[in-house]
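Both complexes shown next keep chain A, but they swap its partner, so chain B is in the first and chain C is in the second.
Coming up: the complex of A and B.
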């Protein structure tokens, strides 16, 4: 039961910087997700917290204690690994009780805690099995069980679901969430899957090349991405980002979103756009609404018409692909019907829902 | 057709049968047969002098042979244990090294590249009581009375063991290092997070993973040490007073010096039982350790 505090945490491999000056306070009981593309430093950060990786600079506190020079065994954390990392020569219950045995907990208490963990994770019938006799999902569950028997100060998860198939992944995701609600412990969870990040996190940290790009609740980072990278990383399908010229016609600012197609600048952003000749326009797929069913009176936003390059029906929705400024753009059509390739469709965009990013810095305007 | 049997499956396995017959079966049957004769190398006609179990009866009532047999078991046990421990230690150390590991691995294998005969000669001169390096070295430290390493009946066996261990520990190191390198990192890291000290990680995780490799190494080496002849022959010639004779030096003496091949072959079969016993024991252990790992 403790908060985790990182101060100027840095990791270098020779000249390569893996994590740069990371400052982060993770309050007790928070579910924090570190997300980013591979090589962004998220796993390294986790492994530094665990003590499996030496740190090159900065400080790590677990509770009030500085743990920089402490062995993993003295940090009272537990970790779930991507490849489960079960002990193949031990049965499920031996795997679960191993850390307690090492801590010289008396056998009756170990038995009690193992029984409890087995019950939480639904592994009752598998207690005497060895890891090689378990399925992927069961192994993952044992790995989690091994982490929870100890009641550590913090749980560290290193891409725990990436080796499972899609269906099992969704199921285990829910179980992890439930587990966190039940155990009320600090969780630091690393993933490259933004869906996992969105669904599990109290707070998301998006990392790139060793730096934190944005910290916020899932809704915050989804609605207000600070830059193009976050905007395209969070959300599925990724946000459409189109490079556009800014055009001034009769003192009215327009964004040239396609050949011969001018979109009025959102009123709230007019001042900021005046000086920039170019801008990145970000529009989420669900904000480009096919407007064929709505009457003119219902249309609030800006309208345009495009012919469709490709339609991918997904059941609840159909994703429509077309090009704006030679860039593939996706629109989500709910209540889908059969779409012919080349068919012209009218779309509507609520101008206040579009995101604008500076052309130089790629930061949100 | 005349050679109808040639069309049968027998013809297809004929080449293998012929090859195995020449290499294994015929020598085996021949030597087994001679162990029931009074065959002497110097008198080829004695090959047909069938004596039944007489050779075996004599061996069983020969206490000197059984001492040799026991000595061989002791020699095997000590050599294998010491080589295993040293080899494991070296492998663990080398496994920790990241820079220059390949070079060290090569250097480590140097003793294996020398002929056992030459290793025997070298150690014979190291242990020589007058001009040997060891006694001269001890002399420097004020130990003035020369120790008769190869002549004293208790020290001689130890000296041979030292040479044997020096020459062959590297085999254990190489095999165990291969095992160590094959151990997945994850369970070890998991154990460290689970609260294990380095020693506990070794005991609970590394060692079980290494067990199959240990038993493979022990099997190979038990066959190797079990047939030790050259190093003993060079260093002591079995002396003093046959106190360093092992089964195969005895067999060689009886077979070639005394030319009593029938007896020697009978002894050989008893020696082979020893090797089979060791191999069987280690293979059983190997199987168990693999099952333990779920392999």
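Coming up: the complex of A and C.
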């Protein structure tokens, strides 16, 4: 029951900067997801909040309290690790009750809270088992149970689902979300999986090399990525990003999206493109619509035709691969039919849905 | 197995027969006369008739047990520190410890004798204990370091977020997990001390500090060797070691395989 506040948080390992000057306020009850490629400093951030890693600079507040110099035990947080880290020599119920036993809670109350936790997580029949006698999913549940019995101010999750198989991962993802709705506690959740981030988060933080690239709701970061990195990191398949020249013909600005193919510059972006010779064009696969599927009755979109290199049918959709400026580009075809390799297909793009990024800074224009 | 056991069996049998029979030719395997004469002699209450085995046994137990407990305690702390903390010169210290282990004990016996003589530690249990602790610590550190490394560091971290101090996390989680390994290290240290001869022979003089292996030599006199007595005292030495090994056998096995992964 507390907000977590990070001020100029920095972590250095010798010359390696793992986390750089991070500022972040996590309100009470928020489900915050830190996402980014491996090595970007997510775990380090989490471990500093937990008190397991010394901080090199900045401040961490939990509630109103400065916790920089507090031991993990005094921060009232619970952490769930990727490898679960269950106590192998204790039964499930001993694992769950351990924190309360250490806090010298009386046995009847421990029993009560453990019973409550096993009920929430459906572990009733496994109480007397040792971790070695549990499946991966059950271990994961015990790890979460152990975190919830002490009702911490904040839950810290470090890639808790990455050791599970795909099916179980989806299932546990839903359970974590439900658990959060039930417990109403601040959650800081680390993952490298953008799907997990999108589905779980109230707010996503995308990190790269120790820096925060963008903070926002899943929809915000998906619709308005601030740079090429975020644009290609969030969303699946990744956003198509094509390096293009900007061409001025008869005082009209065009983007040269392929050999002999000029796409008009989106009207709203014209002013900003005037001075750039080059630009990165980002188009999501679902925004390159095969014309045969188009619902755009007025045909306002810009049309082009390309021959298909490869078609991957996925059932609900078929992903069509072709090249623009020698770059592989994907389009999603939602009413799939059999596509021949080399077949020429007409596509349509709503110009207001394309993203433009500065050629030098890679920032959104 | 057979080859290791054979002398052992012979010792056992010989401990229970008169000296004359042992030396008889041709050697016969089964004694004609069973006797516990040598044992009664060793442990006779009204003053020792042959060799004061009871005192030697007492010395052996005190010295081995105390030095093992100290060596294990230090080894555990040292091993934990090496496994969990980063400090300056860590690798060098570790290498130093291993090198210390590589020096043959006997080469130190003369300098040690002179030093101990100056400090008045010759012929005291305490003097021997110190030497045995020094001898065992590098070994116990090396072993327990291996065992603690096997335990993921998340174990103690999760315990600390669960409300433990570092010490509580060690006590409640890491120590129970490393327990079998530490027991194994303890056995090794104990047996090393229990059987040690070279240094003890230099540092001990009388029943005040002589241990069983040294005491055995009491049966060697200038002109005769009391084989029966020697075998009897050997039995006194072997039996506790074997019993102890059996008690912790289970731990020893799991401990050794546990540590085996690390090598």
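To be clear about the criterion, the second predicted complex is superposed on the first by the 359 of 365 C-alpha atoms of A that agree within 3 Å, B and C clash if a C-alpha of one lies under 4 Å from a C-alpha of the other, contacts with A are read in each partner's own complex, and residues count from 1 in each chain.
FYI, a contact is a pair of C-beta atoms (placed from the backbone, for glycine too) under 8 Å apart; a residue touches a chain by one contact, two chains touch by 3 or more.
Note that the coordinates shown come from a computational prediction; the quantities given were computed from them, not determined experimentally.
Considered on the superposed chain A, chain B and chain C are sterically incompatible, since they clash.
In the superposition on chain A, A:103 makes contact with both chain B and chain C. In the superposed model, A:83 makes contact with both chain B and chain C.
With both complexes superposed, B is the one of chain B and chain C in contact with more chain A residues. By the document's definition of touching, of the two partners only chain B reaches A:130; chain C does not.
With both structures placed on the common chain, the touch criterion links A:151 to neither chain B nor chain C.
Residues 50-52, 71-73, 75, 77-79, 81, 83, 85, 87-89, 98-99, 102-103, 146, 150, 156 of chain A touch chain B in one complex and chain C in the other. The residues of chain B lying in touch with chain A in their complex are 184, 186-187, 189-197, 200, 204-205, 208-209, 292-295.
The residues of chain A lying in touch with chain B in their complex are 50-52, 71-73, 75, 77-79, 81, 83-89, 98-99, 102-103, 130-133, 146, 150, 156. Interface of chain C with chain A (complex): residues 152, 154-155, 157-165, 168, 172-173, 176-177. Taken in their complex, chain A has these residues touching chain C: 50-52, 71-73, 75, 77-79, 81, 83, 85, 87-89, 98-99, 102-103, 146, 150, 156.
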